[in-house]
Amino acid sequence: MAETAPASPTTHRARLYGTERLTAFSDGVFAIAITLLVLELRLPELATDAPLAVFAGALQGVLPRLISFLISFFVIGLFWQGHHRMFHVIVRTDSALAFINLVLMLFVALIPFPTAVLGRYAPSQPLAVMVYAGMMVLAGLVSTSLWLYAMRHRELLASGTTSRQLTHFILRALAMPAIFLVSIFIACVNAGLAMWSWWLILAVRVAIERLWRD
Amino acid sequence: MAETAPASPTTHRARLYGTERLTAFSDGVFAIAITLLVLELRLPELATDAPLAVFAGALQGVLPRLISFLISFFVIGLFWQGHHRMFHVIVRTDSALAFINLVLMLFVALIPFPTAVLGRYAPSQPLAVMVYAGMMVLAGLVSTSLWLYAMRHRELLASGTTSRQLTHFILRALAMPAIFLVSIFIACVNAGLAMWSWWLILAVRVAIERLWRD
Amino acid sequence: MAETAPASPTTHRARLYGTERLTAFSDGVFAIAITLLVLELRLPELATDAPLAVFAGALQGVLPRLISFLISFFVIGLFWQGHHRMFHVIVRTDSALAFINLVLMLFVALIPFPTAVLGRYAPSQPLAVMVYAGMMVLAGLVSTSLWLYAMRHRELLASGTTSRQLTHFILRALAMPAIFLVSIFIACVNAGLAMWSWWLILAVRVAIERLWRD
Amino acid sequence: MAETAPASPTTHRARLYGTERLTAFSDGVFAIAITLLVLELRLPELATDAPLAVFAGALQGVLPRLISFLISFFVIGLFWQGHHRMFHVIVRTDSALAFINLVLMLFVALIPFPTAVLGRYAPSQPLAVMVYAGMMVLAGLVSTSLWLYAMRHRELLASGTTSRQLTHFILRALAMPAIFLVSIFIACVNAGLAMWSWWLILAVRVAIERLWRD
């Protein structure tokens, strides 16, 4: 996938490393965080022979948590997709980039917590929506700063990476935190609307994708 | 395993990527979902010195959950096997394929939830059986649509892939959702029988395997 | 690590595959099962300002669960090590081998359950010790049957694999289930002694290792 | 990333293996342990329409657990980074190195337990701080012993590895357990201060990084 680092660590000066284990570790965190989300989905304890209406009602009661599951699933999925593309262009890593990536993984690993809060208390508690959105703004900015760092350290990039490409990637990376930031203000007025606004992220992504293709 | 994407992202037009990280991420989700199933297996709290009969009874009480564990283990295992073979033939990916794969991962990551419901409430609650089967129908259709998408985008496929092979793969992918779909109707009459019918999936798989060999 | 399967699926007759994804999936299951064990370790709910003696007592109360954590950690570790070596020699896989491997993963993924039972009820309940040991006997036999299958399908093995090597591997694979089997009978008399006997597995492994070296 | 082991197991005498699966398994354990930490973050059960002050208070009550989450996240992150670099220099493995690595993974997998104790009972219970620090001292020593073992088995190292490099790596590996050891004594006097002292680890790491660069 990327140029591998030389076998002997003495041959490079700036202590650059290949990105294999960094992406393997990151893939692990993405995959685990996205799969742990399911642990929040549980039925209340019912009698095994509860009437159908009661059982169906319990299933329906899981719906808000299922919605927050879906939201976080796609958010983590988009972060993963962005990460995937990023490390298609970033083919070497140094300590600082590895550290910024670790901070990004911190936010990814945290996502199940605000997701659980969201599924349990939104939209009744606007603060739950704000905390969720605020966290995603921070995560999005960390993701963007990975790009900014790599932009200033061209030795980390695949040869042939153009400035136009980098601008495109940074714009796309900023779309998510921008929409989440706006939604914090919307949540002051209407928490439910704020949550609906998040689906714009998918739309904007598709739009950027289309535009870039031409 | 597959042809790797070129090192420089500027050399390909259609923004195709290698499948390494997509399969690594997917393997992670499969492995985590399949291993999280065990968290549903737990004994009720007993006294440490409870009589043998009580302790043995508690162990026996885990049996329905163990059965649903087994069912979901093999279902996820079959999805994984199908995915494995799929990405032996699909050797490049684009955004759309990655998105369909993400939706498939969504269903795989969800499986522990209907499994827990099944283990706790089936076969007393036919609805639990129907929800489980319904979810698998959807998952199976998403898996099939990955094939259909790849079929119409031959540039994603390994050179030398024949239409006969693709037809075989799609047929096999459809076997699971078809049986789960039928079982929803069976569950209206007899939920326990519906659950037994699922084991047909293994039989059909083996049969298709044998037929194709000749 | 191993010879990769050809890029085009049409060039091989017997539908052999490389082992990369099988081992990646298996490594995932091993790593997750071994890490989920920690979820059983928890303190009872105490007041934040509980007296030191109470707090220290609670920590001490975790000890039996810590011991069962350690036992299962090393058991899974040994299974992983055996799997690692196995797929150093088995360099190609077919459907049947993948299925036997899936059954092995089933037992590996199950291990946190008997571990929890063991940590909570052993050695007071000999049945807990027997269930644990019985599970490991089954897991060990499945692991051995992977070897037996590969032995009869030489096309799956690395070229140059000798019968003497295979015999060695099978003997080593049998050491674990043999000791666990004996411990079931010991547990009828003394459950604590049966648990201690499990540490023999490490000793036998080191002994076989030494013997083979000469 | 490293020289791969030969395909045929008969060609090497000392039974050396490549490090691919060892690092893949370890990356899995690192990624899972770091992501499981989030399961400790949960709100107490509140009414959905609880007053804002109550809800905000509950969020604030998560803060001590969030701090222990952050501490363990960076500790595991540093262990991972050290492991990453270690296996950039160690390119082959034997049974003993694999065993020491398994013991390191044992401590990594355990970390969520002392983290939970810390988040729940620190700094009120100095013993919680001491147990956490004591565990990290042990983990750090195991990590260091990996280096010491590799130093005495040069055939495991990449060609061109210098003694100066090894000394640097060992010094860096020792920084973490040294600071945790001192913090145990600080905790006898002031548990809160002991926890703050842990952030020195990051500072020392950066300092060693800078010094080595020159």
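Just so it is clear, A, B, C and D label the chains in written order, and each chain counts residues from 1 on its own.
Operating definition for what follows: a residue touches a chain if its C-beta (ideal position, glycine included) is under 8 Å from a C-beta of that chain, and two chains touch if they have at least 3 such contacts.
No experiment lies behind these values; they were computed from the predicted model shown.
Using the average of C-alpha coordinates as each chain's centre, A ends up farthest from chain C.
In a homomeric contact, the two copies may use the same or different surfaces; for chain C and chain D, under half of the interface residue numbers are shared, pointing to different surfaces.
Separation between the centroids of chain B and chain C, computed from CA atoms only, is 24 Å.
Put simply, the C-alpha centre of chain B and that of chain D have 34 angstrom between them. Across the assembly, chain C contributes 24, 27-28, 32, 36, 39 as residues in contact with two or more other chains. Chain contact summary for the complex, chain B toward chain A: residues 4-5, 7-11, 15, 17-18, 20-22, 24-25, 28-29, 32-33, 36, 39, 95, 98, 102, 105-106, 109-113, 116-117, 120-121, 124-125, 127-128, 131.
Against chain D, in their complex, chain C makes its touches with residues 1-3, 23-24, 27-28, 30-32, 34-39, 41-43, 46, 48-50, 52, 55-56, 59, 62, 69-70, 73-74, 77, 80-81, 84-85, 87-89, 91, 158-162, 165, 209, 213.
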